[in-house]
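Each of the two complexes below includes subunit A, the first together with subunit B, the second together with subunit C.
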Partner chain A sequence: MFKNVTSKQWLGLAAFLLAIFVAVPMFIAATGRTDFYFTLTMVALLSIASGGVWLTFYIGRINIGQGAFGLIGAYASAVMITTFDVNFWLALPIAGLFAALVAVLIGLPILRLRGVYFAMITLVLTEVVKLTSLALDITNGARGITNIPRPDALSIFGVTIIPDFATMANPKLGFYYLACLLMVLAFAALYRIVNSRLGHLCRSMQQNEELASSIGVNISHIRLIVFAISSFFGGIGGAMVASLTQSVYPNTFQVKDSVDFMLNVFLGGLGYVFGPMLGTLTIYFGWDLLFFFGKWQLLIYSTLLIILMLILPNGILSLRLKKPGSDVAKAADAAGLALKEGK
Partner chain B sequence: MDQIPQILANGVYLGAQYAMIALGLTLIFALMNVLNFAHGQMYVLGGFVTYTIYGAWGLPFVVALAMSCITLAILGALIEKYLFAPVIKKSARDESTMLLAAAIAFLLDAVILLVFGEKQRGVPKLVDGTTILGDYTLVIANDRILICLLAIASIIGFISFMQFSKTGRALRALAQDRVAAQLMGVNVDRYSMIGFALGAMLAGLVGGLLVTITGINLGMGGPTSIKAFMMVMIGGAGVISGAIAGGIILGFLEAAGLALLASYGNITYLLIFVSLMIFLAIRPQGLMGKPWG
Partner chain C sequence: MTPLLQVKNVTKKFGGLTANNDVTFDVAEGEILSVIGPNGAGKSTLFKMISSFMSTTSGEVFYKGEKISNNKPHIIAQKGVVRTFQETTIFKSMTVRESVVVAQHLRATASLPGYFFGTKAAHHDEESFGRNADELLEFLGMGEIRNELASNLPQGNLRALGIAIGLATDPKVLLLDEPFAGMNHDETTKMVELVRSVRDEKGVTVMLVEHDMPAVMSISDRIVVLNFGEKIAEGTPLEIQNNERVIEAYLGSADDEIGM
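Up next is the complex of A and B:
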């Protein structure tokens, strides 16, 4: 299944897993900075959603609507858990599937759009989902849904696999492990997709949709699948954020979050599956660190972004993108040039 | 159905101001293929400049409006010359300029927050009184009529400028085909800067006009950009007639929605969005746009 992974990459993966599942909790326990759990859990969850955005970039679409699907997932799980008393472990995948279903319905018309047109409509989508959650009764308007219970115990055939979060001594640690596990699963899935037949088809679409279509690639089918997977990630991320903060408001994900998702992906590098993780970590921690500057936070943050754009307009990993031998990088570069030529 | 005259009047008023916002956005898009996320923030900045000069310092409104235009034109020119132009030259992808625009939107938000604060600001009315026609079927505040007329005059002025002046001709040539325009001796860099300044100026102008009615606050930037995007999508990106059509259509839809759907809560924009998606499924390039820009 992962046959083209070299032993060096397996080693890197092992080191990464060891770092997030063992080293980080040990470090936090040693320093007593338990607030890092929340931050890192958020980073993990937002990287899942960013990973979805990355996948839509992979077929050459600029997606600024992930906030909308995050919000849909958050509300779907919150409504299921509070109103219909559904178990969290069932509500989580259903919330993701619901977001994917909405993505299919919306994607049918809008995936025909390209370039800035697609970017614009997805941005509008974020605002519309927010307005919808304000208008509907089931989402409780501007007051949102609060006091969402923590995840229950998960047991299969009477064997408790995950204990009830409410009875856990340290639910923060529980959420951290859960978020990291989901993140690893999500990125393993992404890696698998990119290195599968679907991934090759995506790359062909990224370079030239008409050409791909002319040699028999069912492009409308593939872009719908990719958009649905992307939104599934967004929905899962959103549902987890709602569960972590135990609340969801129309403002939980807004236009700025959608732009941030795009920023995460871009910063991490588009030709690189694990880029969204790196980008999310950088942006989220960068923003948090700037909190120290008080009211100057946004000014410094935006100035840094602009300077970054001026120095490295192709993203932090653009140096890496040019590394010879990486067909993914070449494809991404070719697609970038094709986009620039207005095709 | 006695609401119809009122809805039509509100539609004309909203449509005229929306069309002006969309014009600036679409001009920048046509010239440079840049989706200016900061457009709403530019509008807010224009509003705050007029508020400061007319509302806080008490100088004549015309001076304030002119200052809004000049400030935004200079700002737009600087942003184009020192931020967009270098990034467009160096970057391989469309989204680089989009991210730059998003960063500029954040920056303007931060600057507005630091300089003007986050309070809602209003200015004294330009003219008092209301016009009442036909036994209370049509009630419009006089200052709205004035602003509406000013907006329509500005749109006509802008179109004539684009149509008849040498600069306007150069800008249209640039929008049509950048390379061909360059071959014909148009100074592409200079006119890109002028075009961006003009687009920003339009945002500042409409901000200055509307501060007299709706007031202005920091949070208005984002939603204004979103509305502008919708208008541009309805009319077709990069087409001036499309921006005007999109603005007027959105204005009328909003006026009708707010009047007729009031009892169902705030679902006007949801319905507009759903219809927009159905419309785009049939016509992805908008009313008057060229396919794929």
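Up next is the complex of A and C:
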């Protein structure tokens, strides 16, 4: 399954896993900055949703609607857990699948659109879901759903794999580990998608939809699959955020968040599977780090972002020494090209 | 025996403009048939309707007796009728080999989840795709440029790449869109040989739309001539060369000339 992964890449992966699962908790324990747990958990969850957005970029579609699917996932899991007493570990995947199902229904008409037209429609989605959640009874209108219980214990065949979060001495650490684990799984899946047949077909569509359909690729079908996977990621991210904050409101994800998801992807680099992770970390954590500038925070933050995007139009990861002609370099160029041409 | 491809009474109207009017002809298995005509004769429109990139206003196209017009392009391709494009329509950021590998999509035996999890069938597919790609590129004389990016190729190679991508789908009928346009004499000669070998050695029926008269005359078994959207002649190259209506369409009628 991962036979094309080089030993250098395995080493990089091992270092990354060691960093997030061992080094970060040690660092936090040493410095006593336990507030970082919440921030980093959010980064992990938001980067899952951003990873979904990245995948829609991979078929040449600008997606500014991930907040909608985050909200759908958050509400779906919250309603299941509070109203129907569903176990968190069952509610989480169902919430993702529900978001994917909604994405299929919405995607059927809107995925025919390209370029800025698709982007504009997706920009509206977040607002539509927000207004829907305000209007419905089951979502409890403007009051939202609060006091969502923490995840129960997860046991399979009587063996407890994950203990009940309510009984944990440090639920923050529990959430952090869970979020990181999901993030690693999500990006492993993304990597695998991009490097398997589906990814190759996506690349063919990104570069020329007419030619792709002439070789027998059912482009509308692939677009739907990709949009569904993307929204599944959004739904999972949203459901986890709801569980972490133990609440969900119509404002939990706003249009601004949808724009942020897109920015994360741009900033990390469109050509890099792991770009959204780095982008999310930079945007979310960077904002927090600038906190001590007080009223200058927004100004400095925005200026830095503009400078970053001017210097590194292909994203932060383009700093990596890229071999010309490598998959990564080509994908980066193609993604940039497809967007410039407004396809 | 039913002909492989049948175009029956195909008409296309854009508002008041008639691009094709009641065009009917057959393509027999294993032949090279060219559709020619002056600019604006409706060749490209006809071509798009056969490959379902455009719907017909009336009339039908049949492949092995089955209606294929007014369908979706990918379904027509699945049936074995595959079109190529002019040189700008390529996978820009893929190498030649990657393009040919991805174009074998229709030969896949594993499912998309199968590829995701790397099943045996998926591995088998990937290996055979790679092997096929190398063989095909060798056959087309493109072995040396297999690792070039498509966007770096010169025009002549791009056209060959288009044909390689089309052939990789394992078609029964290959529709070529102006394969000789913008080529010099040598390039045209090479391309004519290439198209002929595709028919002779791969057994692919070829239909092409073209301007270049000498090339068409040398390559075609039969020729269909369109003028102002209507078929005005059909026959062997020799018949077409001596057909008065064709000469008229290309050179203008004797009566039109000044002073007559």
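Convention: the second predicted complex is superposed on the first by the 316 of 343 C-alpha atoms of A that agree within 3 Å, B and C clash if a C-alpha of one lies under 4 Å from a C-alpha of the other, contacts with A are read in each partner's own complex, and residues count from 1 in each chain.
The rule we apply is simple: contacts are C-beta pairs under 8 Å (C-beta built on N, C-alpha and C of every residue); 3 or more make two chains touch, one makes a residue touch a chain.
Everything numeric here is computed off the predicted structure, so don't read it as measured data.
K.L.:
Specify the outcome, clash or fit, for subunit B and subunit C once both structures are aligned onto subunit A.
P.N.:
In the superposition, subunit B and subunit C stay clear of each other.
K.L.:
Would you sort A:His200 into first (subunit B), second (subunit C), both or neither based on which partner it touches?
P.N.:
So A:His200 only meets subunit C here.
K.L.:
Could you look at A:Leu92 and tell me whether it touches subunit B, subunit C, both or neither (first, second, both, neither)?
P.N.:
Neither subunit B nor subunit C is touched by A:Leu92.
K.L.:
After the superposition on A, what does A:Val102 contact: first (subunit B), second (subunit C), both or neither?
P.N.:
Neither partner.
K.L.:
A:Val255 contacts which: subunit B (first), subunit C (second), both, neither?
P.N.:
Only subunit B; A:Val255 stays clear of subunit C.
K.L.:
Would you check which partner chain A:Leu55 touches, where first means subunit B only, second means subunit C only, and both and neither mean what they say?
P.N.:
Neither partner.
K.L.:
Specify the partner with more touching residues on subunit A, choosing between subunit B and subunit C.
P.N.:
Greater contact footprint in residues on subunit A: B.
K.L.:
Quick one: is A:Leu46 in contact with subunit B, with subunit C, with both, or with neither? Answer first, second, both or neither.
P.N.:
Neither partner.
K.L.:
Considering only C-alpha centres, what angle arises at subunit A between the directions to subunit B and subunit C, nearest 10 degrees?
P.N.:
For this superposed arrangement the angle is about 80 degrees.
K.L.:
Per the contact definition in the header, classify A:Met183: touching subunit B only (first), subunit C only (second), both, or neither.
P.N.:
neither
K.L.:
Between subunit B and subunit C, what is the shortest CA distance in the superposition, whole Å?
P.N.:
After superposing on chain A, subunit B and subunit C come no closer than 14 Å at C-alpha.
K.L.:
Would you please give the residues of subunit A that touch subunit B in one complex and also touch subunit C in the other complex?
P.N.:
333, 337
K.L.:
Report the residues of subunit A in contact with subunit B in the complex, numbered from low to high.
P.N.:
62, 106, 108-110, 112-117, 119-121, 123-125, 127-128, 131-132, 134-135, 255-256, 259, 262-263, 266, 270, 295-296, 298-299, 301-303, 305-306, 309-310, 313-314, 333, 336-337, 339-340, 342-343
K.L.:
Taking the complex as given, what residues does subunit A use to touch subunit C?
P.N.:
1-3, 189, 192-193, 196-198, 200-201, 203-204, 207-208, 210-211, 213-219, 225, 325, 330-331, 333-334, 337
K.L.:
What does subunit B use to touch subunit A in their complex?
P.N.:
Contacts found on subunit B: 29, 33, 35, 37, 83, 86-87, 90-96, 98-100, 102-104, 106-107, 109-111, 113-114, 222-223, 226, 229-230, 232-233, 237, 265-267, 269-270, 273, 276-278, 280-281, 284-285, 292-293.
K.L.:
Tell me, which parts of subunit C touch subunit A in their complex?
P.N.:
51, 53, 72-74, 77-78, 82-85, 89-95, 98, 101-103, 105-106, 108, 110, 112, 115-118, 122, 125, 147, 149, 165-166, 168-169
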